[in-house]
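Chains here go by letter, A, B and C, matching the order in which they are written, and residues are numbered from 1 within each.
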Amino acid sequence: MSFFEFIGNVDRRYIYVLLVILIVYPLVKPIGLPLAMSRETRQVFETVDALPPNSIVILSPDYSPGAEAELWPQTVAITHHLMQKGHRIIALSLWADGVMYARRAMETLGPKYGYVNGVDYVIMPWVAGRDAAVSAMGRDLRSVYTQDFYGTPITQIPMYEDIRDIRDIALVVSYATGDDQDYYLQQLQAVYGTPVTGGCTAVSSPGRMPYIQSGQLSGFLSGLRGAAEYEVLVREPGLAAAGMDAQSLSHALVIVFIILGNLAYLLGSKRPSAVGGGN
Amino acid sequence: MKQTGPIVVTFIAGAVVLIEFFLKIDALKFWADTFGKWQLVFVAFASALGAANLIRIHANRATQKRSDWPYSYLLLGALGAWTILGVLKGPQNTNYDFLYQNLLQPLSATLFSVNSFYIASAAYRSFRVRTAEAAMLLVSAVIVMLSNVGIGTAIWKGFPELGGWFMRVPNAAGMRGIIIGAALGAIAISLRVILGLERSQYGGTE
Amino acid sequence: MIYEGRVSMFVMFCILTGLYMWSISNARRGVGLQTRRVPGLDALDEALGRAAEMGRPVHYTMGLQAFEAQTFASMEILRFAATQCAKLDVRIITTNYHPAVHPIIEEVVRGAFVSAGRPDAYRADDVRYLSDNQLAYTSGVIAILEREKCAVNLLFGPFYAESLIFAEAGYNAGSMQIAGTANTHQLPFLVAACDYTLIGEEMFAAGAYLSKNPVLTGCLMGQEYGKYIAVALMVFGAIAVSAGNRFLIEILSK
């Protein structure tokens, strides 16, 4: 086997081992690579910064543990900002798994800012339906969630005295892996003009661009990088900043192997790729 | 009648919600809001239907000792235990929370993280410069990847802005086209369902 | 009468509905639409033939949603694939994520076998509801692909993070893979990992392409007219805004 044939047919397990090493190493010994600020992240920051004092904001972590690595740091970073500014938060989720993140965000960060359940934030239980639930929120917010996560009726929650309908919500912050942010854009922003911002996994961020350019989405955080940028802006370094070095090296490895594979393809014998060939 | 009933119900519900979205008619608003609330109930029942289906399938498999039948007992046991805990103690209970945080979360995150390995091997295998289009795809992918991480900024300060241009101009244009096309397709299918022209959900064809 | 801010949407909706109805009536009268070749759909026959030659099953997944537009589009493809599998005496294992869709999938597959004249070949066990948890469903599909060594892996529908896992598992099992989704965030993975991929609205066109059903073909024509309107609005809008005139933006905002 020639050198180029070897390079072009590396066993995928070698790639996996190298990937593990390059991800783990910077987590143990951080490198401190530079981080540029993106326009979309800054737009989220400015949107939250521009909210009137004591606004009511919906925080909607619509993801499952699979996307936690990217979206939980975003959730933490924006929650820090909202609490630094003293805004009131309705934490809910369109996903059954996501309610745990809504709860975790409020209960771990709330005490740091002196936030009190029922006064400064409220956690809502999961309601089935996703886009149907968002549509129902727009029609009649108080009828969708009649009690909070702990079973307290909304009539006994002080924060809810200021909430009649969706027009009392100043901003929706949605963290989504796929379509859930679209539901808020379609059912709330387009119909009632409720501003929407938030974050998404890096793989979903190309699909957000048309909504940014039309003004429907007020910025978004893109994956782990967006979370790291926001941590810098709110001065609360956390998981995202720590993970960026690992992400850098893993990206570099993938690029190196793509280049090597192409060198092997161009300079070695050009074998057609087998259909469903396995390894 | 087997198909006519559901078709009529679908038409009424769909037409009411659709027309109410545009026209200010109080009677329609009442029914549209009502249908919206009923939908939340139906979806919740669908989750229960899923559990019932799961129990039926795996109970059959376990009792008839078909392939991998011990795992069916494991599934039924886990389903039962979690349901009892959730119903009796509620999701805010610490034991329920413990199971979620220490079983479901790590399992889900582990399986999802397999993606990182798979994308590495898929990219290595598939991103070959066979055509001019493939070369353009490769170059733009590398630029966007480098713009997203610190190592790209360390190599050249211009990568973030260049990657941003790729996202804001060619990518947004392509995405916009795909979104518009998909939306038109979704409107077509939705109209077919409301008007009863789409019968596949009832097991038939038009 | 019409809600403020929704007038232009209402007008657009009426125009599109009219176009769809007119196109469907044209299609029923035989006024045909020339559809371009869609390589992924043409490859379906090749793929199913491959499964027959290898004596290995076909795996079909409809993705992770229920009763959305892509689900209906995928059902048409499933009906076609199941019919061909029945004719070729190939097993087709259909895995399902959503419980509410499961009886419909059973009916579609059984109906396909019956219409192909092979009701005896239908296996109820091969239409499997796995789980409505994304990653549990993914684990189940990986296991089926590995265990059954499926010759063909068909992925049509709304996919999320699991799409690449399906595609790589199928590749490792030696499957020929044809995918289709309108979820733009998963398209890059499917394009990279599968042999053929239907992008966006090609999924919705698939039903018309495969079945030649006049209603589906008519809707496809209607979508074409809708796209012409969208392009015209974009071109005129771009020219108008570049010339400093925002009349189109104001009209569309009403």
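As a convention for this text, contacts are C-beta pairs under 8 Å (C-beta built on N, C-alpha and C of every residue); 3 or more make two chains touch, one makes a residue touch a chain.
Only a predicted model underlies this, so the values are computations on that prediction, with no experimental measurement involved.
With chains as nodes and touching pairs as edges, the resulting graph is complete, every pair of chains being joined. Relative to the centroid of every protein C-alpha atom shown, the closest chain centre, again from C-alpha atoms, is found for B. By number of C-beta pairs in contact, A-B leads when A-B and A-C are compared.
The geometric centre of chain A is 16 Å away from that of chain B, both derived from CA atoms.
Per-chain Cα centroids separate chain A from chain C by 28 Å.
Residue positions 46-47, 107-108, 111-112, 119, 121, 123, 125-127, 175, 179 of chain B each touch two or more of the other chains. Those residues of chain C in touch with two or more other chains are numbered 6, 134-135, 161, 171, 184, 189. Multi-chain contact residues of chain A (touching two or more other chains): 64-67, 206-207, 279.
Contact residues of chain B toward chain C in the complex are 21-24, 46-47, 49-54, 57, 66, 107-108, 111-112, 114-115, 118-119, 121-123, 125-127, 175, 178-182, 184-193, 197-198, 200-206. The residues of chain B lying in touch with chain A in their complex are 32-33, 36-37, 39-40, 43-44, 46-47, 90-92, 97, 100-101, 104-109, 111-113, 116-117, 119-121, 123-130, 138, 142, 145-146, 148-154, 157, 160, 164, 167-168, 171-172, 175-176, 179.
The residues of chain C lying in touch with chain A in their complex are 5-6, 134-135, 151, 153, 158, 160-161, 170-177, 183-186, 188-189, 195. Against chain B, the residues of chain A that register as touching in their complex are 10, 12, 15-16, 19, 23, 33-36, 38-39, 64-69, 97, 99-100, 103, 125, 127-129, 132-133, 135-136, 139-140, 143-144, 149-151, 202, 205-207, 209-210, 212-213, 222-223, 225, 244-245, 247-255, 257-258, 261-262, 265-266, 273, 279.
On the chain C side of its complex with chain B, the touching residues are 1-3, 6, 9-10, 13, 16-17, 20, 24, 66-69, 72-73, 75-76, 79, 98-100, 102, 104, 107-108, 111, 125, 128-129, 131-135, 138-139, 161, 164-165, 167-168, 171, 182, 184, 187, 189, 192-193, 199-201, 203-205, 211, 213-216, 219-220, 222-223, 226-227, 230.
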